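Below, each structure is written out as structure tokens.
Each of the next two complexes has subunit A plus one other chain: subunit B in the first, subunit C in the second.
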Partner chain A sequence: MNNVPGNVSESVLEIKGLEVVYSTNRGDVKAVRGIDLDVRRGEILGIAGESGSGKSTLAVALLRLLKAPGKVTGGSVLFNPAGRSPVDLLKVHGEELRVLRWSALSYLPQGSMSSLNPVMRVEDQFKDVILEHAPERKSSLHEMIPRLLAQVGLEPRVARMYPHELSGGMKQRVLMAIAVALEPDLVIADEPTTALDVTIQRVILQSLADLRTDFGVTLMVISHDMGVHAQLADRVAVMYEGQLVEVGDVRQVFKDPQDAYTRQLIESIPKLGRRAS
Partner chain B sequence: MKSELELRGVQQRFHARGVADGYITAVDDVSFSLAASPPQIVSLVGQSGSGKSTIARNVLGLQKPTAGSVLYGGKDIFKLSRAEYDEYRRDVQPVFQDPYAIFNPFYRVDRVLWKAVKKFKLADTRAKGLELIEESLRAVRLEPENVLGRYPHQLSGGQRQRIMLARVHMLRPSFIIADEPVSMLDAQVRKHFLDILLDFQIKHGMTTLFITHDLSTVYYLGGEVMVITKGEIVERGPVSTVMHEPSHPYTKLLLDSIPQPDPDQRWTSRIAVDELERLDDANPAADTKPEAPII
Partner chain C sequence: MTADAPPVVAVDKSQDSAPSRGVRAWLSRHPLAAYAIRRVGIYFVELWGALTIAFFFFRLIPGDPVQTLIQTLQQNYMYNQQASTELIARYQQEFGLTGNMFSQYLKYMEKLVLHGDLGPSLINYPTPAQDVILRALPWTIGLLGISAVLSWILGVILGAIAGWRRGKLGSAIATNLSIALSHVPYFFVALILVYIFAYSMGVLPARSAYDSNISPGISLEFIGSVLKYGLLPGLSIVVIGTLSWILSTRMLMVPVLGEDYLVYAEAKGLKGWRILTRYALRNCYLPQITAFGISLGFIFNGNVLVEQLFNYPGLGTTLVTAIQQLDFNTILGVTDIAIFSVLTAVLLLDLLLPLLDPRVKYWK
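Up next, the complex of A and B:
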């Protein structure tokens, strides 16, 4: 293994045998049933699957944001941030975890959810994150915020605005800029374009692709929309009932699906628009 | 029951902060008509801030346009006599987006239906009223015993939205104005809801103005579609024509922006962010107040 600190391992994340259950009074529900998956450095990995397939549970488990009654019952998640020692994400706690968050591992939530604080200006939400996770950058804040906003195609004046003054697409781009503020190794995006208009969705997907091209961010993009994966991902992992049924290059998954469920998923996509005719 | 609902040169402006002349125009010279017969489904599609919900408010008489008129049976809806207004109120029924906001959480859901029975004198005895309510609930594929006597929080979003459809079913309006009625429902429940609307069209001859930002629901409903951007309707035609041979550049952009599930058909061009930002500025939700108080 080449997981020596300072060295750059090929995989950012090595998930092995991950299991997550939700305890209910009628017994445990297995949401993630033994997942093995590598996330390669610099790639955009799409996680596809229908509602209830366990894709969001996988995301929150990796981010260590899983709440009771959910609990991880098995497996390991080896995280290899550049320039740091590899760690098992499932075993880090407290300060160690806090240091990793945002600077190495960050999260892009669904923008239509109330992810921004409604009573804080956009710039203060940036400050909040940056000062919490990288207090040494305090002096460069005034330079960072406009630069981060520009990365996602927003003007500097957006910094002075409140979330209610922004459209859905602008909010999602602010969230993207916050997610990459500390140049993380890996960003996990959970349904980043769901509930946005198609044109805004296209801009967001464009910006996500740019983040990888321009800054080398590794992205794990969770979406139920196969169209999003076809447009954005390098590789796609398909989940069904808590398991991975197929992982492969995006062209292979769409053109030559190996698994019956994947084939069904692709066939069930309604074809519309001119290019589909 | 009147045969036609028509918008003639409707314009809606709102006061706005930080724009050149102090106004933004949410709806700009919009004219179209909806015929009750033959019953049809006409979708109005556009992105956030395009003015589509403002049009719904205009048609429903909730907002008086700053210019132009909304005509029901040839008469301006803001100049109807009491009796005519009551008829219009019954004959043009809304279904809104949020199935949570429409109910008073302190009352059982039955109340919404009984109110309709009483207000519009649909039945002269309680037994007949109940019979009517149960019939309408079944028409929207709800079991009366599963929903009657319950409070809104005990029902799912899809069930609540269908109760609003049951109410519409009881009133048998000529026109339904549905403003993003399925946006908060998930895929399967969404299909259910759309099927009921199609049912209403075929079985009860109702015409629906279906307002949405989602092209796949437009495609599913069929019928006619109008495309709106920046307050202007830029294209109208049968769904099959507009979706396959769009004539306006905005419609083309909209259709091109649907992510195709084919990695070999990736977008090659980019959308200019500036262009969309200007569209965002037209969003009347931010920093504006209506010129006239909302009734």
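Up next, the complex of A and C:
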């Protein structure tokens, strides 16, 4: 499953010197301080790090969802969607950016957050984004939505339900199905398993891995949980205080961490028979 | 595709286990009907309670309406002799003032509920109070009802836009203007409008509801005249009403704009207008619907000053005249109408809300 066909070295995303600050009354807080990172086509890249390490800021900055007082102060993010010309994500605006969203760059938020509109049926939340970016699929919607739901292990009747009628795990699956609906080049997943119980976490991780196999999407998975990266990622990038301390093949990093902080993170994974005292 | 995935949707089995006979069973199978029946029951209790309180409240006002009537008659007809006790007794009988308070109450409720009769009015004796009210009602509903609906629609739309574009200059101007002006009284705006359009420019009439040279009826001329005469009083209500709806809608919008589903909608690359209407406004306008139902009550008594100022023949003017003359039956009648319309509006909105928001469920 980790052997992705095609040109592995081609990068979907090339991040160079990205800097993000939050302006406060008492001066700027640097959340991301000069990150260089490539995301290769077809891979699952894990971004690890503790709370406040800047990994979520990195995600929202890449998705161009950063809100004031956050501000990108430097760097470039070259995005290479298939069949379109490469663009610097930090330089596109307005309509140009809106057209790029979802069909090329999509987002998988944390399911426990209220990312689904509470007053719209699940199917309508598929429809609006599909019709916005691919109106020619209108006639095939009736088979497309059940198929997407089935991909993540949900029954067709979930389409007629409202978000408040779904469990946390079901919401996360719906979000996953919406994320891949238009076969985007890159999906950025922000803590996709956080706040789910461990059995559902496992299922969600399996479904994410399957989505990569089925849709060939490139996934960037942000998680503080090293277990998630161990199970899902091909490569992992470790962030600490806004900087990357280590990037590498997930097996390599786990077997032989180069950085002291990475070692601490890996050791923080609880093991049976060795209890904290 | 995942063997260990539990994609099962919870199924409510409780319906199957309920007994299948009797009223209770039927109600448990039809929760919406059960809710509606209970809600309508509450409505009637509320209606009865409010009408009762209003009745006793007005009886506590000091003064003798019969004496007032006789005084009026004496003044009008130069009838200077003392009224005979028989005459007073007859009037008291007619106005429902005989017997103790409780038997007066029973008689009043009986006439109201069974015959829709509010008793004779004093200001227009012997016309029944309900006729006096019904004559004024269309004017009030026409002027204040249309103004209220218009200001609600305008206020919600503009408030949504003001919230949506918060931080921008136009929104800041609109918001601060609304804060500054929304508590200016209607009649003050009315006075300014009258000064500008009726006094200085002389383009619009400032008194009455239609041109007295035109005979009332369904004619284009009459309708045009009604619209022309209603413009200034209507405008004075719409201007201020819209401003306060702008403020409250904006206040409801702003927290919704910080919700996760708005960020998600933006990430989806939906068009701004669609996010505004389907995601933001759709999630915050419900309280405004309820507020609108409650505001309907003020249509019947909150704009007395505007009607007075423009000499508009609506309920407000009727109410003021009735109070001046101690016309119990008419005062109580106007109050009863306000009670009835507010409670009915709230009832209808309560039944409507589950259709507007899937999260609203009154039944289990």
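Observations, loosely collected:
Keep this in mind: the second predicted complex is superposed on the first by the 262 of 277 C-alpha atoms of A that agree within 3 Å, B and C clash if a C-alpha of one lies under 4 Å from a C-alpha of the other, contacts with A are read in each partner's own complex, and residues count from 1 in each chain.
The rule we apply is simple: a residue touches a chain if its C-beta (ideal position, glycine included) is under 8 Å from a C-beta of that chain, and two chains touch if they have at least 3 such contacts.
Fair warning: this is a prediction, and the values are worked out from it, not measured in the lab.
Of the two partner chains placed by the overlay, only subunit C lies in contact with A:Pro118; subunit B stays clear of it.
In the superposition on chain A, A:Gln206 makes contact with both subunit B and subunit C. By the touch criterion defined above, A:Gly153 reaches both subunit B and subunit C.
Of the two partner chains, subunit B is the only one that A:Ile269 touches; subunit C does not reach it.
When the shared chain is aligned, no partner comes close enough to touch A:Pro135: not subunit B, not subunit C. Of the two partner chains placed by superposition, only subunit C is touched by A:Pro109; subunit B is not. Contacts of A:Gly27 after superposition: neither subunit B nor subunit C is touched. Of the two partner chains, subunit B and subunit C are each touched by A:His164. Shared contact residues of subunit A, touching subunit B in one structure and subunit C in the other: 153, 155, 164, 170, 199, 202-203, 206.
Residue ranges on subunit A touching subunit C, taken from their complex, read 63, 65, 97-103, 106-107, 109, 113-121, 128-129, 132-133, 150-151, 153-155, 157-158, 161-162, 164, 170, 173, 199, 202-203, 206-207, 210. Against subunit A, the residues of subunit B that register as touching in their complex are 47-49, 183, 186-187, 213, 215-216, 219-220, 243-246, 252-267, 270-271, 273, 276-277, 280, 283, 286-287.
On subunit A, the positions that touch subunit B within their shared complex are 51, 153, 155, 164-170, 195, 197-203, 205-206, 225-231, 250-251, 254-255, 266, 269-270, 272-277.
Partner subunit A is touched in their complex by these residues of subunit C: 1-2, 4-9, 259-261, 263-271, 274, 278-279, 282-283, 357-359.
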